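Both complexes below contain chain A, partnered by chain B and then by chain C.
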Partner chain A sequence: MSFSGKKGVDKAFAMLRTLPRVCLANVRRNPGTRIKPTRGRAQHGGDKHGAGNKGSGQRQNYMRLGYETGNNPFYLRFTYEPYYKGHHLRREYPPLSLLQLQKMIDTDRLDISQPLDLSVICNTGLYKIDPHHKHFGIQLTDEGANIFKAKVNIEVQWASEPVIAAIERNGGVITTAYFDVHSLWAIINPEGFFKKGEAIPRRMVPPQDAIEYYTNPVNRGYLADPEKISWERLVLAQKYGYQLPVLENDPDYAMLTQRKDPRQIFLGLEPGWVVNLRDRCILKPTDEQLKEFYRS
Partner chain B sequence: MNVDLYVLHISLVNTFVKMNVIKLHCMRSLCRQLSTSCGVFSYKSAICLENIYPKSNLSITTATEVAVDPNCPNFSGFIPIDKLHITYSSSSGPGGQNVNMVNTKVDLRFHVASADWISKDIRDNILEQHKSRITKEGFLVFRSDKTRFQHLNLADALERLRALIRAVALPVMEVSPETEEKLRKRREKNARIRLVEKRARSLTKQQRNSPSVDF
Partner chain C sequence: MAVVNRIYLFSRISITPKILLDPINRVCGGRRFDSTSVSSDGEVSNSSLSTTPIIRRTLACPPEYKRVQQAWVENLNTVEEQKLGLIDLHPDVFGAQPRIDIIHENVEWQTKYRKVRYDHTKTRAEVRGGGRKPWPQKGTGKARHGSIRSPLWRGGGIAHGPRSPQTYFYMLPFYTRVHGLISCLSIKLAQDDLHVVNSLEIPTDDPKYIEDLVENRNWGPSVLLVDEIDIMPRNITAATDSILHINLMPVYGLNVFSMLKHDTLVLTMAAVNRIEEKLLYQLNRPDFMDVTKKFMLNQNG
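Coming up: the complex of A and B.
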């Protein structure tokens, strides 16, 4: 019975053909499941049977678990330990440094002649988001703020002041926008989402604890007043000591100020549309009620 | 211009149909080119910025003028960065290779007498109040190596400059004679208390000495 030359299914069939029928004589237990047939006497765990000498241990009169012979036990000392309270509501924003962003641009992973957002950055494959782990988007960090040189229109989910300054100093535009979980799944893998055949959902408004951030012009929130954002741009330029580039004179002004609607997930695609990748077409709703819903 | 855009649109659609495998980036760039070049795509939901801010002009512009601050009418807080002379050098202190190689120290200076972005009376006040700080050539210098980053050090130097100008520009508070009298009385009372304590302490110390023979 040599099965050395055969592989996989061939080997399995050869074994079936030649090996004898299964019976009690030729089966064996899994290792570790056989209980030894010896009783606990002498060398096989005899004498004190692992219970030691005298005391509560040998007499099997144990104290309850956690009992500390009378003093206030550890497990009763602290009546309130709210370390994880509300943890399911806490959002995380995995960081992406300006250094990494500059590197991506310099190595042609990102095309800065078009607006950048979460979908474009996830598509590079260099940055990953997992909504299962309560990740809600990109947090742009200020590592590399001193060497950042690109002029971009970027949309992230969280950005601090020096980051905003670094981007605006080079003539770019930064916006912070919120994506709810359903929209997030769609935007981080657009191809996978389109293949499901679902209509593009409306992006939801940020929750209570996030709405203040996204309506604040200081954070360049997507729900903030653009006039106030223009003012804050000047304030930041004065704070960090750079000459504010005049965006209106820039030939790419239209691309730089291009923004999504608060209900829009993908640039160029409306909520309610179904993108059919196989037949290369977009199906739009015709029913008035549906249209009104997706425009609301 | 419009004809060219229309032709571009058609050629893009033709290539789109001929492709066997659609790559996502092509499709996205196509969508974006269509949206930016044709300008037909405009989706406005109920919570678009036009509805949230009906009175705003909804465009990001570059503000050049700063409104007058009612608390400090002489100085609005705006400093033209190009009128300042900023140089960078390496900072002192520990830090190994990084502190030796990177120019994080910021030297910010400007000639006070010829600074036309500050009003004349503030300039004169600066020359008077900070004359010990101003160099022989008439420059006011701010140096900062507070942080490990050049841009933050620049922000620090600018903040100190702005605070200095604002302190000089702020109108001096007029104190009424009643307040003046109250403050004088407080100062005198404090001096009296201090002297009482001083005398008591002195007495204690004298009593610790051995008595001197008085003939």
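Coming up: the complex of A and C.
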């Protein structure tokens, strides 16, 4: 046969060259996929139609679900099951490992010549956040910390000590920042937010139970004192035993030290601005009261 | 154009921008023909070769591990075929696995989704009358009945009859439709039913010219000519207007049913570029989940 040595698509095309032209009359489903629509009649699913004889089964007069013919049923025995109590107040941070981050950078899904934040990572399509499920941002995990090689300026929402060490060891900068729900909807889908035509909101301060985390320089919080952060960078380098690269000597110093204002959602855009994608322009408020409000 | 700036990433193949920046005349592996050669029939005069430039085409994102497909570029301005060049076609669009079952699903969908049935019958509630119990339950020797319009009765309502308007609309999953298109294009190319022409310009608006052309080149009786936009040259529009089996179509109208209905598919160079650009984008877009979400069934919350 002329297509005996061929494999895959080549074999298929070689076969097609000898077969009649594919047309409307000779296309069909794969064998076994067509379920013939049959009605239940007589011996073919008919007669009593699977309902049995007499009783609640045939008469469709069932007991309610969970009823145990009089005794205290299982679903009523336990009056207090506080498994989800306060679940609406708990924040979740879906994990993103350093391994995944490195892979995204290596396969050019992410451009490390610009700062990375939640919007950039969501735009790759490989990582998703759903605020409906109480997701509040990226949690960078330490899987792949030993092989992480990229020098990045990254802003996440939660990071542990080994992760911070892995990033700073390569000369990068990591910041942990909080986004409230309204800002979160804006940042995870910037194009969708701009299309709404709403003014960019101010980012709100973290709630009581998160303030301590984001003001702590150990976590590189965005509300922490930058001088204390520099001190903690040194401390961490000594703890993990690597030479802390000097950022000032880095050619990408300007990009690496780029940081958002605590009230800013998008880099380069201020609260109060309206981005017009159709006419490709930005509308800024002119009223002094509005400007003062958005600057506060 | 915008295509070059996109980074196409197939799930199994990773392409770095270094490949995009390589010089245009890099050699693709496994090619059987040299794309610069143009072989012509003995009858064709050599003067046409010396004056017209050879048409070439380089793929914006050439595949790393797949063999490119190739097709001759022909002309339409003479009845006899003249080959104007040999172009490369992307294997993901023109060399995809020919899935007959997916093509069948597409054809089935295209025929069914816009079907509306208008026949209508009345149920026992809608038939006039039948509110009263015709005779007492017991005592008369007759069978027990509650209404003269029950389905058992002559003139009664129909139990499971057609209800107008009955629609059979459903959407085939997005990527089933994409794969239907690429399977069909690949099959047309493999079975020598795909021809690429430089443009749809013809010298006369006489239908006989087109008929002679199709006859001379052994193209199937029915031909589908596809151009990029829906405004076609005047001559071809006038010539094919009276011929019902030779049809013009813009790229946005390309569909599996039409490609199978017509024996021969003729694409212009512009149409090939547009089709490849659009289909490659859909095959490699990063936000495919957002696109497919719309067509998923049983979405809870």
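The rule we apply is simple: the second predicted complex is superposed on the first by the 214 of 296 C-alpha atoms of A that agree within 3 Å, B and C clash if a C-alpha of one lies under 4 Å from a C-alpha of the other, contacts with A are read in each partner's own complex, and residues count from 1 in each chain.
Assume a residue touches a chain if its C-beta (ideal position, glycine included) is under 8 Å from a C-beta of that chain, and two chains touch if they have at least 3 such contacts.
All of these numbers come straight from a predicted model, not from anything done at the bench.
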| item | value |
| --- | --- |
| Residues of chain A touched, compared between chain B and chain C (which is higher) | B |
| Touched partner set for A:42, first chain B, second chain C, both or neither | neither |
| Which superposed partner A:22 touches (first chain B, second chain C, both, neither) | second |
| Chain B versus chain C as contact partner of A:258, first or second or both or neither | first |
| Touched partner set for A:240, first chain B, second chain C, both or neither | first |
| First (chain B), second (chain C), both or neither touched by A:89 | neither |
| Footprint overlap on chain A, where chain B in one structure and chain C in the other make contact | 123 |
| Chain B to chain A touching residues, read off their complex | 16-17, 22, 24-25, 28-29, 31-32, 34-36, 41, 43-49, 52-53, 56-63, 66, 77-79, 81-82, 86, 108, 149-152, 154-155, 157-159 |
| Residues of chain A that touch chain B when the two form their complex | 111, 114-115, 119-120, 123, 145-146, 162, 165-166, 173, 190-191, 202, 205, 223, 225-227, 229-231, 233-234, 237-248, 254-255, 257-258, 261-264, 266-271, 277, 280, 295-296 |
| Residue ranges of chain A in contact with chain C within the complex | 8-9, 12-13, 16-17, 21-24, 27-30, 33, 107-109, 123-126, 128 |
| Partner chain A, residues of chain C touching it in the complex | 7, 9, 14, 16-17, 91, 95-98, 100-101, 103-105, 107, 186-187, 190-193, 220, 257, 260-261, 263, 285-289 |
